[in-house]
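In what follows, a single structure is set out as structure tokens and then discussed.
We call the chains A, B, C and D, going by the order they appear; numbering starts again at 1 in every chain.
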Amino acid sequence: MRFSHRYVYLLMIAVVAIPIVFGFSTKPARMISAERMYSVVENVSIVEGDIALVWLDFGPNTIAENGAQAEVLLEHLFRRRIPVLLLSQYPLSEGLLKTIPRKVADKLNIEMPEQEWKYGESWINGGYKPGSGNYIQSLVASTDISTFLGRDVLGMPIEHYPAFAKITGVEKIKLVGEITGLTGVFDTIIQFFQKKGYRPTFVHGCTSITIPEAYIFLDSKQLHGLLEGIAGAAWYGELLQRSFPQSSHKNLLLTNTALGAAQIAIILLIVAGNVVSLYSWSKRRRD
Amino acid sequence: MTGIEHATPGIIVLLGLLSAVFCWSFYSVRAGRKFEIRKIPGIDAIEDAIGRSAEQGRAISFSTGLTDISPTLYACLGVLESITKTAAQYKLKLLVPQYSPEVMAVVEDTVRQAYRDVGKGSLFDPSTIKFLSSEQFAFASGYMGLIHREKPGAAFLFGAFAAESLILAEAGQQVGARQVAASVSPEQVAFFICTCEYTLIGEELFGASAYLSRDPVQVATVVAQDRVKLLFCVFILIGVVCATVGSWDSTLSWLNPVSLLFLSWGDVVTW
Amino acid sequence: MDSRTALIRSFTFLGGIYFFFHFIVPESALEVIGIKDAHPGISNGFIVIGAMAIGLGIINLVIGHGSHVVFKRRGWTFSAVLLVSLVSTLGVTTAQWIRNRAVSSELQRIYVIGEFSNRILSDASDVKNPKSFSPAGELPKLEFRVHALTKYVREVLGEVERASIEGHGDGSQESLTLREELHKNQILLAADLDRVETVSWENLSDSNKVLLERVSQHAGGYATAYSVIRRRDAEQGLIPQMYTVLYSGIFENLGAAMFALLGVYIAAAAFRAFRVRSMESTLMMVAALVVMLGQISFGKWIYEDMPALRQWLLEVPNSAVFRAIRFGAAVAGLMLAIRMWFSIESKTSSEGR
Amino acid sequence: MAQSELLSIILGGIGTIAIFSFLIKENYFYRIFEHMFIGVAAGIGPILVLRDFLWPQIVEPMLGYTITAYPDGTFSAEYQPLYFLYVFPMILGMLYYSMYSRKHAWLSKIAIGVSLGASGALAIRGFFAEVIPQIASSFKPILVWRDGGFQAVESVNNLLFVAILFLVLNYFFFTLGRTGSVQSRTASWGRPLLMVCFGAFFGSTVMARLALLVERVQFISRDWISAIINVTGGTF
């Protein structure tokens, strides 16, 4: 009995490793909510001085899922040349606020050497903002967000960056993205990030555990687009690749394939286990 | 509805009511009224597991996981105490891996006391109360190693657990220990059920020590908590009826027992 | 009940009394008696008690593994590994901490500029009850304070000038913008000083107000730019590098690896437990399968509405059961809480022998 | 890439493999990293408590380090002697260490007592904070009329919700019904429902756990390997 478990362990690792190591990737499954999200991001209308706000509220524990989501969303926004303000309500994500946009920008810079994506133009990092609900309320209420935010993580005044200098009111924030695996965080955003005559486009990336929560808002049309775990990110990547053929998301597809395979493996294991026990049971019945 | 920082008049009344129930149960138990506690299926599993490791002369281990100083810990200590006493009788080695230094102090105290109570104080060896780590996964790795080296015949996992629950339970499973788990974190119970001989669910953890010890005070506590729950059940029932009426005739939608609890001092005074 | 028991029990009771009253007494009343503002401080006091216990863990480890090493017991080499990494981590983290404190106390000298000029303003505009405290009782004259300020600022600017000769920062884009910002504010600040020194400070005229405000503003910009540069420097050097290796290299990676074990264990658990054995195990298996199939595309092939079914399962039955469990546990917790607080025990586990 | 980062990746990779080697059997390689992990964690923890709590929140105010001295000899604020009261909890906390002395071990029970008492009283507040909102949100109309119409689906769902809630609560009564009473006979009905709930929890956790496994495999097969190549110059 115990020995067979080693086989199970081995099987799982193999199932996960083979696609990643040998680069087998299957076409991701179509995700409606991810498709909705793609189209809203594609069609959000931006004029000079408008920005997008993206909250990265995840730490090492959910980076496997949320990291990929953050990357595809940022890539899309960067490609559309929408300036992104990055904030976080979660202390453990401070490091990621630096690395993830940098990674995406580097990718694009290699892809299109003639153009440039750089800090201060394509994105700025507002850092960790404690006080969740209260903070968001006062942010929304403030009539001059650039001054309300004060300085970025480098200690630069936000006015220092032309693209972000003139965020007079919250109305300038056309799109709000929330990437998190924490429960209750997105609720606060939906609750507080609005005021009379202003509701931005909300997009959300959630982990497979928090999908149910997110669905509630999707049904009530409060949420305009959703990335469900890796699968959602993978389909989003697929869509990006369709409109920007040179953009590749090999890793993402591999991860998605590995995950799907592993999950199917578990289901098959359950089935196999039952078949075996049923067989031995019927055998016992016969003799 | 946000968390409640300060008691409203309604809550104070409710608290008074609950304390009354509490006192009543203690009084009636003291007065010698007998309450039978429904058998909690897991209990046999506990005694059985200890018995087995006694036959094989293997150690037993008891972990409170990530529990900090809290009522949950208090409940676990009740169980630990009676397990320790049994272990002392059989002269079994008892391992108690620790997560929090503060809890360690409490646990060591309880275990030492339990040994003394059965007159085996000399058997108590402080080194079996091992501090592993205050970091979730460092603790888990330490526990895995410990279990595999000491190969206990029985492993008890009582208290609050998080993602590491499965790692701990799987370790016991691998060395073929008979495991009994009890968790107040429903998310983790599923993993215990898959890997342990028996799993006490949620409140059963609180009932267990009363059942094991038959100690009047603990019995009284269980009696009290049952009565309080009954009270709340009635409360919910009323609430549901009110809500239904409210939905049928929206002019009555103000009917809501809970709203009484949220009346502020100001409202009461003006009232 | 002997005196020790009595003592312990009374301490236990006293330990709870504060929080109980803080809960019972309405906020307005707390405000009146001044508890409201003191509350964070007081609860910190309680946290301190627990925080003092941190040493226990280390003592336990050192005693346990130390004896292994000393008496060369079985597996003493591993104990040695543990102790070595414990000591080195303690050393490095402490060194890192001290180092950062040194940097911030250095930066404090610059932050004072802005703070002090603001303070001069606020004190001068509200002479009745000034915020600053002077051991001499009476605050010094405005003129004197401003003079002290300018003198101080010149000193500091000099220091930083000398310090930043050892070219700070890496050549990266950020550090360039930073130095630009630093330089800009330095010039502005110097200009402000000149103007400050030319005007009279007999009393606080509006033009003077504006001047001081500008000083504090530019000092602020100057301070932040410099602080970022210094912190970036502080990230160089051996200690921070060792810290990175210990923290990101060992601590984070091993944690992630442990966490990842769950990926294989969960499969083993499912394989072992989800059998059509009893009604219970069957129900559990079916629920798990529905949820799993509901979240992968594969599921839709089996049954079109699998995701919807999953959704319903999680929203209706699951949340009801979850609530019932938490609810029961909470009530039981409350009863135990009361017992804990009043240390109600039949046999005397709170007795001091 | 900085030396330290490179070293971190290499060490991290070796450590990861060591942890995974446990899946075959408990072995020396694993043991080394297990002890290293515990050692490092034990070293980081206390310093964090000291650095982020004890020093800035307790010691500094106590010693008046939070007050800035201005160039003109004045101070940002007057020293608050009340902070010195923190000495008492400190002394209380020190009592924990008496557990190492045979003679005075009982003193540690005082510190334990205070913690128990405090957490007891706090739990009373916690109870109301947790339970009241839950009760409130359990008040679901079991017959739903909205905008003039009867909502069949919602009604059924609410009815189920309430029914399940009560059935499971009933399962957790221990002393209510004497054997043979209605309660004790219906008590077991809650259990199947519990199992459904746990199954669902299990299922919804699987994906997240697997994601972590994938992350590790990627770390080994990409970052770690390339770091090794980077160091050895690809000559192996």
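The rule we apply is simple: a contact is a pair of C-beta atoms (placed from the backbone, for glycine too) under 8 Å apart; a residue touches a chain by one contact, two chains touch by 3 or more.
As the structure is a computational prediction, the values presented were derived from the model and not from experiment.
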Innermost chain, where centres are averages of C-alpha coordinates: D
Maximum inter-chain contact count - chain pair: C-D
Interchain centroid distance [CA atoms averaged], subunit A/subunit C, Å: 26
Between subunit C and subunit D, centroid-to-centroid distance (C-alpha), Å: 15
Centroid distance [mean C-alpha coordinates] between subunit C and subunit B, Å: 30
Two or more partner chains touched - positions in subunit D: 19-20, 22-23, 31, 33-34, 37-38, 40-42, 44-45, 96, 99, 109, 111, 115-116, 119-120, 123-125, 131, 135, 138, 162, 165, 169, 172, 194-195, 197-199, 201-202, 204-207, 209-210, 212-215
Interface hub residues of subunit A, defined as touching at least two other chains: 5, 9, 12-13, 16, 61, 208, 211-212, 229, 262-263, 266
Touching two or more other chains - residues of subunit B: 5, 7, 69-71, 74, 101-102, 105, 133-135, 137-138, 141, 149, 163, 186, 190-191, 193-194, 201-203, 207, 229, 232
Contact set on subunit B toward subunit D in their complex: 1, 3-5, 7, 11, 14-15, 35-38, 40, 68-71, 74, 101-102, 105-106, 108-109, 132-135, 137-138, 141-142, 144-145, 148-149, 163, 186-187, 189-191, 193-194, 201-204, 207, 210-211, 219, 222-223, 226, 229-230, 232-233, 235-236, 239-240, 242-244, 246-248, 256-258, 261
Residues on subunit A engaged by subunit C in the complex (per definition of touch): 5, 8-9, 11-13, 16, 28-30, 60-61, 118-120, 151, 154-157, 160, 208, 211-212, 215-216, 228-229, 231, 260, 262-267, 269-270, 272-274, 277-278
Contact set on subunit A toward subunit D in their complex: 6, 9-10, 12-13, 16-17, 20-21, 61-65, 181, 207-209, 211-212, 229-230, 251, 255, 258-259, 262-263, 266
Interface residues, subunit C side, partner subunit B - complex: 22-28, 30, 50, 53-57, 60-61, 63-64, 67, 75, 251, 254-255, 258-259, 261-262, 265-266, 268-270, 272-274, 284, 321-322, 325-329, 331-340, 344-347, 349, 353
Contact set on subunit C toward subunit A in their complex: 173-174, 177-178, 181, 221, 224-225, 227-228, 252, 255-256, 259, 263-264, 266-268, 270-272, 274-277, 285, 288-289, 292-293, 295-298, 300, 311, 314-315
